[in-house]
Amino acid sequence: MTQEYRKEKKYGMVIDLDRCTGCGACMVACMAENNVPFRDNETDKLKSITWMRIYQLTNGKSYPNEEICYLPRPCMHCEGHNGHSPCVTVCPAVATDYDRETGIVSQIPTRCFGCRYCMAACPYHARYFNWWDPVWPEGMEKSLSPNVSPRMRGVVEKCSFCFHRYQLAYEKAASEDRRELRENEYQTSCTQACPAGAITFGDLINKNHAVYKIKKDPRAFRLLERLKTNPKIYYLSSREWVRRAGDNYHPEEETGKIKSHQ
Amino acid sequence: MVQLTNSHKGNGNSGWTILFFIVGFTASLFAGWIVFPKLLYSKKQQPIDFNHELHMTHVDNGCESCHFFREDGTYSGVPKLVQCIDCHQEVQGDTGHEALFVEKYVSKGKEVPWLIYSRQPDCVFFSHAAHVKLAKMDCETCHGHIGQSTSLKPYEYNIITGYSRDIWGKNPENYLGLKTNTYDRMKMNDCAACHLEETGRKSSVSTEKDGCFVCHK
Amino acid sequence: MFPFISFEWVWDIEHVVFMGGLWYAVSILGIGMAYCIIKAAIDKKEV
Amino acid sequence: MKIDRRCFLSLGIGAAAGTALSPLPWKLMDDASIWTQNWPWTPVPPDGEISYTDSTCTLCSGGCGITVRKIDDRVVKIEGRENHPVNNGGICVLGLSGTQLLYGPTRVKSPMKKINGTFQKITWNQALSEITEKLLTLRAEGRSHTVAAIAGSSRGTVSALLQRFLTAYGSPNFYCQSSIEDSFSLSHIQPQNNKTIPGFDLENADYVLSFGTGIIDGWGSPVRMIQASNAWKTKNLKLIQVEPRLSDTAARSDEWLPSKPGTEAILALGIAHVILQESLYDQAAIDYHSEGFVTWRTAVLGHYHPDKVAEITGIDAKTIFTVGREFGQAEKPVAICGRGKGNTPVSVAEMSAIHALNVLVGNVNKKGGVFTLPEPNYISWPEISFDTKAETSLQTKQIAEGGLLHRLPSAINEAEDSVTLLFVADANPCYTLTDTKEVIRAFKKIPFKVSFSSYMDETAKLSDLILPNHSYLERYEDVPVTSGLRNPVIGLTKPIVNPLFQTKHTGDVIISIARAMKGSIESSFPWKNYYQCLKNGLGQHWNPLLNNGVVEITYIPEFEEIPRFAFQIPNDKPQVLLEGNENKMDLTLIPSDSMRLSSGYIGAPPFMMKTIPDTILKDNNTLVQIHPKTAEKLELKQGCYAILKTPRDEKKVKIHLSQGIGEDIISFPRGLGHTAYDSYLAGKGINFNELIGPVEDPFSGLDVAWGIRASLIKA
Amino acid sequence: MDSAFIPEGVKRCPFPQFLAGLGLAGVVLAWGIFAMLLCWLKGLNQTNMNDSYGFALWIWADLAVIALGGGAFFSGFLKYIVGKDELKNIINFAVLIGFICYSSALLILAIDIGQPLRGWFIFWHANVHSMLTEVAFCLSCYFGVLTIEYIPLILENRQIDKIPFFHNLSHNMHEVMAVFAATGAFLSFFHQGSLGGIAGVLFGRPFAYREGLLVWPWTFFLFTWSAAAYGPCFTIFLIKLLEKITGKKLVKDNVIDLLAKISGWMIFTYIFAKIIDTWYWAVVTVQSKGQTLMDFYDDNMFYGLWILVAEIVVGGIFPALILLTKKGRNSASLLWAAVILACLGVCINRWVMVLQVMAIPVLPFEDWALYYPSWQEIATTILPVAYGVILVMISYRYLPIFPQEKELNPIESH
């Protein structure tokens, strides 16, 4: 007996950089939701696990013409070509995988043996290695959520689009004899927390979802689109220099979509 | 044919050589197949013996009377003390285990540290709702006939991994991938095989099976 | 790694070609070594 | 035939072959890998029932509604509460990190007494009887007035209970941290002896002129402000940010006016000049809402011509004219002040100059403008009863003149035994007060200090007795919120979990001490416990508060009740006052606030520390931001060490070059340099407050220090 | 003392001297093993690798030793398949070096992974699309081949050879060696290629990414080619070094000359292909990603344009030209220069394809990431060198590695 397929989805995000204030709520919402470990000294950003990381972009001009833009960067959940995202194809042990049903790039830490090839493959630095054993000070392990399995030393981890929230939402739907989720039933932790409402999450190919429309905004762009990674995170910015920062351009090229307003 | 005679000079003890080979071979086979599994698994007794069969006669709703779904669709699993207290505030019957239960746990308000045969490791997400409500599976498919048991078997677990032996498969032939009953073993491949057969989903790009995140968290 | 046994095995061109080539090479090595050892053992008796 | 080593070799080969054909090696290999997947030292969070409870966040003055997710009885996540009047679902980094404060190693787990320099656990009975005895002895010796208390806020039942206790006991020495609302209040003429608080209807404004206000850097109720700023974005409204550095707010503004530090008031008057000159003001509204306009007008027109202002502020006159016109012509313009997070008061002169703009354009007590509201006095308790002892000792002078907290340390340092017993609740003066060294010196002089802190903060660490409060997730308490809102809101915290440790509600502790004191003090506290006190005190608000978790106090005062703005005549020679000798120290040090760093009395939890960029903190070093040209002058390079000297202290810092700051200015992150709390926070960076000292506003006496002169020398 | 084990007709240094040498290398080995144990027990936090440098010094060392060990498969290929019979005088040594290089490579991989106890997942849960899987499979299989090739050498030890079974086994293995060598060459071709493929398929990293043929990027072929080209140079280099150390001539000049000539042609053709690849990449691939060549060469001291010149001109064209000319091959100093430059050239190539890839920012708002190895990394990278020295010492002393040694160094007085 083969049951009906669940409808194909491509979960993705649109992050409005005009709205983002760089407050960091998405970062911490993610850490708190996903049992991300922390250490005494987190100032070496190349060893600090932050599935969602906020980059500070500047326009490179001098005082007082400098501008700042914050760019939150979760995992891009690249689709690449037919699901062959940069990291998925290179993983030698199928610890990371592209799911055609949800469009989510999964990472299974218990399968990962820590070769870090995926990290070399990811141009977004969205993947993090557990250089240390995760240690919670005594008592604080009580704050860990059972819905996300804590990772051990020596494996790679990354943003999962809070997939456990999908699992829980699906479980609830299943108990109501439904197979499909409503838009608001599955939202990531960062989306929910963002005080600026800068993040919109949903199914990029579902016409009824907000992201479907917003991603067509003329301000929209994706990071490193030219590398054909086909990411599922869209960014919106009305500033040309910000859009240019999203990819490499030759000096004479325009980002295309809208005329720069400055 | 094995030649046991001392026919050539220089290798006059080939008979012994072969005998020693056979001894080494059989001994290690014995050790590997019989002794090793005995050493690898340890047993624990459940804190309280529980009679499923007896309880089934006292409840109206079958398994779901105690192992129920919560409002948010999650599954409650092994009952908590609060549920037991509904009936066992006082000793009901005359079994020693019930008396012990009331004395040791109910009166002290302490949860019973049940050892769960079917507990999956932390990296596994399992939705009872999806299996029971959507796929309409019955409990026996995975849990066997525990509902008809009169007492709890000892909990066997692997001393290295801590896994319950029910997950790993009880019998040596399970190592070879053989199963007689659907509930003989609950390893990843068993879940995946059933998923492929029942749902036909091949959403994983890498494995052409169900996606990893369906069962992992 | 192994057809039928390994979870990750898929019957597609990549698996057949890549793993096929590999198993082929491994078999040659295995058979070659087995041949050498058995022959050496037999030869030994004929010294 | 003999058995030789060849036989053993054969045995070995046989054994190897047999082993290879048995499950042993393969299963061991598999089990070893599964063991690595279930390492016993990696925690496995127990599963359980998910539940959600609403409460209120108390970690800053913002008062956001929170929804706490629990698994059985464990708090696993704090989220913003949907449809809450303050934050409507949003939440900030600190709020999200609340679980780490609840379960963190910084909690004080039971009453602690310092014996020979180290804390030792004692029982609540011991703690309470010790403190009661001390209080009774002091009272008997007629030294009631040497008992002092510091509270984090002047509002809320716990602060009020503490003040009530001190009053009934007979001490006038109750202090709390002054805030920007004090400045606002002082710039008005009060009809009765009521304090005034500002209400901002920022969502509905259409032109926001912000004088250094960190609208999205944590000012007011931070989450609500971020939401408001986005409402402006969508409606395409204009935000003008006046600030010496490119803060996040400045970066998001439509126009950043990089004024020289400390010249905000002068710029405001320059803008006022334009409005006055071009008659863009609303005479009727001015008459209605204020007094003293005419003289003020002459002064501004006389001394604050944009050309002159441009020279002082560094903003060119053309821009001042444009902003002045735009502000004057906008429909609902609003000017706001309070630097950075706005936790410290500004001078009354500055408040006056800036609020005058609002009064000029007539957007006071109007949609999209600034409201002058009365203090939300929502607590109703019976009158305090006094005995003669209390009455007499209440007549003594306050130790710190004018009841100003920042004056307390020096007062203590000057006069021996002026304070013999100090209570500190919801405050961490040994970290948050400026000139921290002096504060700590004063603290050490006080013979007996009692802290109510839930966490081992700097003040608790210096105390002799800690009576730990429940964490905000373990207790009932009212949370009055006024900062930056249109209307004051009262939130309620609820016990989400049973107290984890041997802690006690500060309200309960005060009540039980008071009852143990007997006499008039006991009768001033007629409640069984804090819960009853809260319930009775809140009266009509209690039930809605208990049910909804939040109550909005909408109160429209009668005209006679509305305080009127008092135009303050500005100096005829505009000047910037700053501590330090300009010739010796030619740089100006200013603090920088960030949403990602908590600078109040709650230290940043580990998650928050993770979000801090390495341009602010690297290893244990604070990085200061300077302009590359300043660096060049001082021969400093990116990442190098330098000695930062101010009249108060000197510290070793690292240099970060930035184009987001003007020349000769040093920007210093506020919120680092804790010496207490846990290893995730302690010893990281430098506390800005150690580098500056109080600068008193000549009009109000408030500490209005916003920066200090400094020098940087290559280390 | 151990003279019974030393091959007949050759002279070896006194045993205590030999032991002293072993001891010296042993100390370095022990240091490396200590560092290795630290990495295994405490985890990779012992290194200075970070999330930008997931691959670092080790992986470079890994790729470099495999490239340098390429002499084994290529000499085998030349001798057994092409039929260059002179090379039988060098093949033993080439096999030994190959064996050392490949066992070292496997050891490095075992230290490098975060979860060594799960290392076998790469086989059991293989993802055949991953170049790393291909590397792991072919590498371990080819290591098997090298072991098979090395065994007969061990069996030729004077004492072991006395046992009839081992004598026969060694004889039989020699007989079918061509089959093994052919399989080895096949496996080598793929894993050398896959190592190149590891970088070449990274389409998220424009510096590494090269277009290619079917599923293989050009780096796949370039790596195989370069290993075949440069590997023999390393073999020659080590022979020359060994001759210097022992003060004996071990291999006849014509053998060296032949191998050097072939190597010269290989390097020449390789560097030609490499230049075309670089040119195409710089002009077409990189441009299509919105970048230019100079985006990948910063003015920091590590990755200036000099590194490209060093790799292609100094480490490629120079040695190729020397080795191609008879004069160059015949001049001792030029030959030395050529083999050393060649070894450096291929090492720089592997360095660039591993570490420069990591250093270059891809997102326009990121900076170059530089990295310095920790002592643990350095120790574990030196470990294989010490281990190799020890294995060469033992093999040279007890096994007839150089068939021509007896002839070239007759023992005069009895």
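A, B, C, D and E label the chains in the order they appear, each numbered from 1.
Here is the rule we go by: a contact is a pair of C-beta atoms (placed from the backbone, for glycine too) under 8 Å apart; a residue touches a chain by one contact, two chains touch by 3 or more.
Bear in mind the structure is a predicted one, so any value in this text is a computation, not a measurement.
Chemist: Taking each chain's centre as the mean of its C-alpha atoms, which one lies nearest the mean of all protein C-alpha atoms here?
Modeler: Closest chain centre to the overall C-alpha centroid: A.
Chemist: If we define chain centres by averaging CA atoms, which chain lands farthest from subunit C? Would you check?
Modeler: D
Chemist: Determine, using the mean of C-alpha atoms as each chain's centre, which chain is farthest from subunit E.
Modeler: Max centre-to-centre separation from subunit E belongs to D.
Chemist: Tally the contacting C-beta pairs at the B-C interface and at the A-B interface, and name the larger one.
Modeler: When the contacts at B-C and A-B are counted, A-B has more.
Chemist: Centroid from C-alpha atoms only, then distance subunit A to subunit B, rounded to Å. What do you get?
Modeler: 37
Chemist: From the C-alpha centre of subunit A to that of subunit D, how far is it in Å?
Modeler: 32
Chemist: Measure off the straight-line distance from the CA centroid of subunit A to the CA centroid of subunit E, and report it in whole Å.
Modeler: 40
Chemist: How big is the gap, in whole Å, between where the Cα atoms of subunit D centre and where those of subunit E centre?
Modeler: Chain centres of subunit D and subunit E, defined by C-alpha means, are spaced 62 Å apart.
Chemist: Spell out, as numbers or ranges, the residues of subunit B touching 2 or more other chains.
Modeler: Touching at least two other chains: 10-11, 72, 74, 121-123, 206-207.
Chemist: For subunit A, which residues are shared contacts with two or more other chains?
Modeler: 44, 84, 91, 94, 110-111, 133, 149-150, 152-154, 168
Chemist: Can you list every residue of subunit D that touches 2 or more other chains, as numbers and ranges?
Modeler: 32, 35-37, 44-45, 47, 50
Chemist: Within their complex, state which residues of subunit B touch subunit A.
Modeler: 69, 72-74, 121-123, 125, 127, 129-130, 133-135, 198-207, 211-213, 216-217
Chemist: Given the complex with subunit B, which residues does subunit A contribute to the contact?
Modeler: Residues 1-3, 5-6, 82-84, 88, 91, 94, 97-102, 104, 106, 108-111, 147-150, 160, 163-164, 166-168, 170-177, 179 of subunit A touch subunit B in their complex.
Chemist: Please output the residues of subunit C touching subunit B within their complex, sorted ascending.
Modeler: 5, 7-8, 10, 12, 44-45, 47
Chemist: Within their complex, state which residues of subunit E touch subunit C.
Modeler: Those in contact with subunit C are residues 123-129, 134, 137-138, 141, 144-145, 148, 164-166, 168-169, 171-173, 176, 179-180, 183, 186-187, 190, 215.
Chemist: Under the definition above, what is the set of subunit E residues touching subunit A in their complex?
Modeler: 43-45, 49-55, 112-116, 118-119, 121-122, 125-127, 129-133, 136, 198, 201-206, 287-292, 295, 357-358, 362-366, 369
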